[in-house]
Amino acid sequence: MAESRDQHARERPHGLGLAVAITSIALLCLLVLAPLAIVLVEGFADGVGTFVEAVTDEATVSALVLTLTVVAIVVPFHTVFGIAAAWLLTRQDFRGKALLGTLIDLPFTVSPVVSGLLFVLLFGARGWLGPWLRDHEIRIVYAVPGVVLATLFVTLPFVVRELVPTMEAIGRDEEEAAASLGAGGWQILWRITLPRVRWALFYGCVLCGARAAGEFGAVSVVSGHVRGETNTLPLHVEILWGEYHTAAAFSVATMLAASGLVTLVLRSFLERRVRASKRAASAAADASAAVALGEDTPMKGALS
Amino acid sequence: MSLEAVSVRKTFGKHKALDDVSVKIAGGELVALLGPSGGGKTTLLRVLAGLESPDAGVVRIRGEEVTRNGPHARGVGFVFQHYALFREMTVFENVAFGLRVKPRGTRPDEAAIQKRVHELLGLVQLEGLSGRHPDQLSGGQRQRVALARALAVEPKILLLDEPFGALDAKVRKELRSWLRRLHDELHVTTILVTHDQEEAFEIADRVLVIHEGRIHQDGTPEVLLTTPASPFVADFVSESAIVHGTLDDEGAIVLDEASRGSLGASKGARVALKKVHVAGAVPRGATHTSSLD
Amino acid sequence: MSAAPVASRPLPTPRLPGFGVSLGITSVVVGALVVLPLIALVVVVARAEPSHVMEVLGSERTLMAYGLSFGASALAAILSAPLGLGIAWTLVRYEVPGRRFFDALVDLPFAMPTAVSGIALTQLWGPSGVFGAALQPLGLEVAFTRAGVVLALIFVSLPFVVRTVQPVIESFPRETEEAAASLGADRVTTFRRVIFPALRPALLAGATLGFARAIGEYGSVVFIAGNVPFRTEIAPLLVLVRLEEYDYAGAAAISTGMLVASGAILVILSQRAKGLRHG
């Protein structure tokens, strides 16, 4: 249905429709396109030389390294967690499943600042575990572990949220068949499940990585803004902006905007893939339903 | 290989899918679980396979308790109603899967896998299609791949969940007699779930009628037809109305008032008279009829 | 702790393997990253002097910050609704040059790091910015006023509206419209009487999601807000201010208020969704 509208049913707007179309697109440009454009314009406003200088500045490079480090920890962590949680939520039956799902979704509804605060309240000097940590000389808040923890919290739902609907659409049949043939858990995961959900998994990781690189509120609470130590790229942008190094701030922002743009491009590409794999699953179900009604036809056509 | 379930119970929410079910199946038998959909037969099959865990009761394979074992540890072949073929793999890889996932010590080498898979594809008459993907096959071909896949690991017990339910009538008939011949050849203990009594009677040595989570009757097709244990069995097995009447001295059947009403105004009624005894109705006899249009 | 309700009854035979491993990983991660920090929040609030908590929550500064966060978020959601509907409608129904580009653009506020959006909006609407300078002769100021807060929050909540309404417009059966037209309804009437009622639940859900997100939004807003206490200070910023004063209890109390609000919104939304599915 949606597909056919995509190709055929679009009309050339006229009259009132034209007014709606022009107003909508104009406001979209004003609100969303203009901010993107200004980042690029301001980033190169003082010439390429200033841009290169800002981007290769020592503080910028160390912020970039920290940001990449955080991404390199967070994405593999959530890949493993996401697969485990999605397996638990879609392939096992137990009491308390709904509660678990709610807890995993929770970080989406919590303000980034509150997310960061939670870790300060837990690990900060005057926090719940603060005295114990001080006695053992462990620094979490206002240090790199705090940045990593806050980012892990904020990005917790991304991979799970992509995997769960896809795995639900696919169903358990193939995995049960593999189990009945003697395959163990890891074999089922590697040979059956992951090949089926690879695009959804990849997409979830992209979203997770983009958010990890760009997270600002939560990280700004736990980092303590120690320059050269706990500064991520977004925090560095804030510092440059606050010191009225506008051009430098936008130069660094360009790097972050670029990661956002890459995400957008991948998003439109991957979302189609994920949707296609879900559609294929439901098409197969429809096809067997059609066969049940007595049409024993080869099903290649149904999937194209 | 013998298979046994004792006092198995399983509920889904408030629905009692299995209510104190016990079955015993001897090695080499071909048994059908017959009943209307939602009656619990698929649940019983899945409990036997280890795909579902019973709330209470015990499952034994060759006398050994396996209730807590997962499906991979039971050596049971399972054929799913909608085939559940691995769509990312070719036909060949589908059939080879069970061999490839064996633990290293018992895993056959590549040449042996090749040989075994081609043998099996020959058995199910799909030699030419080994390179295809499941979505390039017809329903009947998919079902035969599913069978070959289940047989590849040489299961001691084969469980089939409505194996022909999704096929059209002609293909279903062919596969049915083919399955019977296959069983006669391989002698694998086989349990088949079906809601089609014709299918059950044609293939199975023994039929268990399951309804509302309980086993209503356990016997050969002949026994079920001639001495149904309950009106439900009689009704389901014959798929016809039960009418009551008396046999008069001249051999004519005189229907009861109520039965006359139930047959309605159809002019011709073919009455198949068999020695049918329904519990409690023996002295008067019961007739087995089917009305004609 | 999440394992407790499961372990208290006999473990079922797993239908598929991996129950233990996946439960182990998931409950350790969720326990350490979500449950433990939430307990810390409760502990800090519970240990604090009740009078201090009430003082913080009842102070004019807190009330003003709450008022601004909730008020501006509500206004932004209300303004995003018609705009998002217009954009979604245009993208689904009309032949627009560069439609795919605009469609992808809708997601930009999701994809752009919030700090980048924040400084970009401020640069644009500030007194020396392209739009800000244009508005100045008219006596209109956006940056560093409450209008700026609303503007940034529209930016944040707009994608929620568009992405919730768009699929509903896509799946709206053409035949229904054609039927209305065949009965003599003109296009405006058809939209008002037939299409809009069908879109209303999605529109409401999208605006509510945008509202919930806007309440907690920080990065896109702080730069343009100006952060003047009692005037343009949003609640998340006040949390940060209290924290910098080492007033953990105060920060926790203000946060709890925001958490309760967004939790309530989430519950209402899921109840509505359930109602829609069953009704």
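Order as written gives the chain letters A, B and C; numbering starts at 1 within each chain.
Here, a residue touches a chain if its C-beta (ideal position, glycine included) is under 8 Å from a C-beta of that chain, and two chains touch if they have at least 3 such contacts.
Source: prediction; values computed, not measured.
Colleague: Counting only chain pairs that touch, give me the topology of the graph as line, ring, star, complete or other.
Modeller: Graph shape here is complete: every pair of chains touches.
Colleague: What are the two chains with the most C-beta pairs touching?
Modeller: Result of the pairwise contact count: A-C comes out on top.
Colleague: Which chain has its C-alpha centre closest to the mean of all protein C-alpha atoms shown?
Modeller: Closest chain centre to the overall C-alpha centroid: A.
Colleague: Any idea how many Å lie between the Cα centroids of chain A and chain C?
Modeller: Here the centre of chain C sits 16 Å away from the centre of chain A.
Colleague: Using mean C-alpha positions as chain centres, tell me how far chain A is from chain B in Å, no decimals.
Modeller: Computed value for the inter-centroid distance: 47 Å.
Colleague: How many angstrom lie between the CA centroids of chain B and chain C, rounded to a whole number?
Modeller: 54
Colleague: Counting only residues that touch at least two other chains, what does the list for chain A look like?
Modeller: 176, 179, 184
Colleague: List, in ascending order, every residue of chain C touching at least 2 other chains.
Modeller: 12, 14-17
Colleague: Mind pulling the residue numbers of chain B that touch at least two other chains?
Modeller: 50-51, 70-72 - these are the residues of chain B that touch more than one other chain.
Colleague: For the complex, which residues does chain A have touching chain C?
Modeller: Contacts found on chain A: 1-2, 5, 9-13, 16-17, 20-21, 23-25, 27-28, 30-36, 38-39, 42, 80-81, 84-85, 87-88, 91-96, 99-100, 103-104, 106-107, 109-114, 117-122, 124, 126-129, 149, 152-153, 156, 172, 175-176, 179, 184-185, 188-189, 210, 213-217, 220-221, 233-235, 237-238, 241, 246, 249-250, 253, 256-257, 259-261, 263-265, 267-268.
Colleague: For a test of understanding, state which residues of chain B touch chain C in their complex under the given definition.
Modeller: That would be residues 50-53, 67-72 of chain B.
Colleague: What residues of chain C sit close enough to touch chain B in their complex?
Modeller: Against chain B, chain C makes touches at 12-17.
Colleague: Name, in rising order, each residue of chain A that touches chain B in their complex.
Modeller: Going by the criterion above, the answer is residues 173-174, 176-184, 187, 191-192, 195-196, 280, 284-285, 288, 291-292, 294-300, 302-303.
Colleague: In their complex, what parts of chain B are in touch with chain A?
Modeller: 49-51, 70-72, 75-78, 80, 82-88, 97-98, 101-102, 135-140, 146, 149-150, 152-153, 165-169, 171
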